[in-house]
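In the two complexes below, chain A is the common chain; its partner is chain B in one and chain C in the other.
Now for the complex of A and B:
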């Protein structure tokens, strides 16, 4: 039998990354400050996790200017959505196996 | 490798973030009760204004625009009730947000405000147009129906119970449209009694 732990997404094992994905999967887009405010994490911490998700192409970044201030919006990609779903399925399987 | 309970915590945190990012949970039940009281006071004042002119409400409805000064008084009362209700709602909800330790105007709150505003402004303008053309009897039903539609629409961004309040307002609005001339009574039930009942339910369930 296949080990359900193998199906867990290594990138999404970090809780903050998982939370970023949860927020983006339910909403169209989020900017940096809104994400920070919701997850209650530091700038540096959030930025590093966003970079990791961006590197995997799980989220897309859209930089614009609002009133001449930079405004960065993050969106989930199709790849990210699939990865999130797979990771959830794996989590479910892991927990089921333990019961 | 993580422990099994950590995976369980992962799932709990997903759920928590999804709710927090999508739902506006600072909505205060107490402010709903107060808004209902304002509406009842307003309806009482409107009744008094109409009767001070020695006519009953039904008759007034059919006499339509013959007395613009009464009309302006009624619009004034409605505006005072509206502003007092929104003011109390914003004030008590921001207090509740502080207590819950979440930002008041987050993404979900902004979306809720936007989703409510579109049908409400449409309904408000349509009501004014009806009054302008003298269809006074349909003012209360239209207000109730548009308000109900706004709540129904907005409920996905806040507590689920709001959906049923919206449905009640819509049904009440439709019934009152059948009984033109009794709008004030239906208005008092919809904006007064239902708000107090719902506010009390929400207060008991979420605010304590």
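Now for the complex of A and C:
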């Protein structure tokens, strides 16, 4: 039998990243401050996790101006959606193996 | 509704730690080299994850000699067993929320 642990996605292991993806998969987009408020993390912490997800092309970043103030919106990509789904399936298999 | 992400155990987030706990919950004990072979990780990597689990008292360490050679065995503790179960339940709730 294939080891279900092998299918876990390293990039998505961290709780904060999982939570970002979870928020983006069910919503069209989030900006930085909304994510920050929801996840209750520091700016630096959130920025580093966003960077990791962006690097992997799991999320896309859209910078605009709203009322002349910079506004950054994050969206999940198709690649991110697939990776998130695959990671949840792997977690499910890990849990199943234990019970 | 309580956020299921809040119930995830930070100590158990990493795949290698989850896998160590998974091995120990279903087996009486493992020594270092058996764990290393099973998880396919470096000595240093495994040692650091074991240390984190030991610090949390999720596993206990028993050092003996076998044929005059040092032998270190790891066992899951009651605290570790409960934490592992709770973490899996939280993961299950996270997955359920997504599907």
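Worth pointing out:
Going forward, the second predicted complex is superposed on the first by the 99 of 99 C-alpha atoms of A that agree within 3 Å, B and C clash if a C-alpha of one lies under 4 Å from a C-alpha of the other, contacts with A are read in each partner's own complex, and residues count from 1 in each chain.
To be clear about the criterion, a residue touches a chain if its C-beta (ideal position, glycine included) is under 8 Å from a C-beta of that chain, and two chains touch if they have at least 3 such contacts.
Being a predicted model, the structure only gives us computed values, none of them experimental.
The superposed arrangement places chain B and chain C in clashing positions on chain A.
Legend: residue contacts after superposition of the two complexes on their common chain; A:10 is shown touching chain C, with no touch to chain B.
Applying the stated contact rule after C-alpha superposition, one finds that A:93 touches neither chain B nor chain C. Once the two complexes are overlaid on the shared chain, A:52 sits clear of chain B and of chain C alike. Look at A:23: by the touch rule set out above, it reaches chain B but stays clear of chain C. In the superposed model, A:34 lies in contact with chain B only, and not with chain C.
Put simply, chain A uses residues 5, 13, 15, 18-19, 22, 25-26, 88, 91, 94-95, 98 to touch chain B in one complex and chain C in the other.
By the touch criterion given at the top, residues 1-2, 4, 7-11, 13-14, 17-18, 20-22, 103, 106-107 of chain B touch chain A in their complex. Put simply, chain C touches chain A in their complex at residues 5, 8, 10, 13-15, 18-19, 22, 25-26, 88, 91-92, 94-95, 97-99.
Of all residues in chain A, those touching chain B in their complex are 5, 13, 15, 18-19, 22-23, 25-27, 30, 34, 37-39, 88, 91, 94-95, 98.
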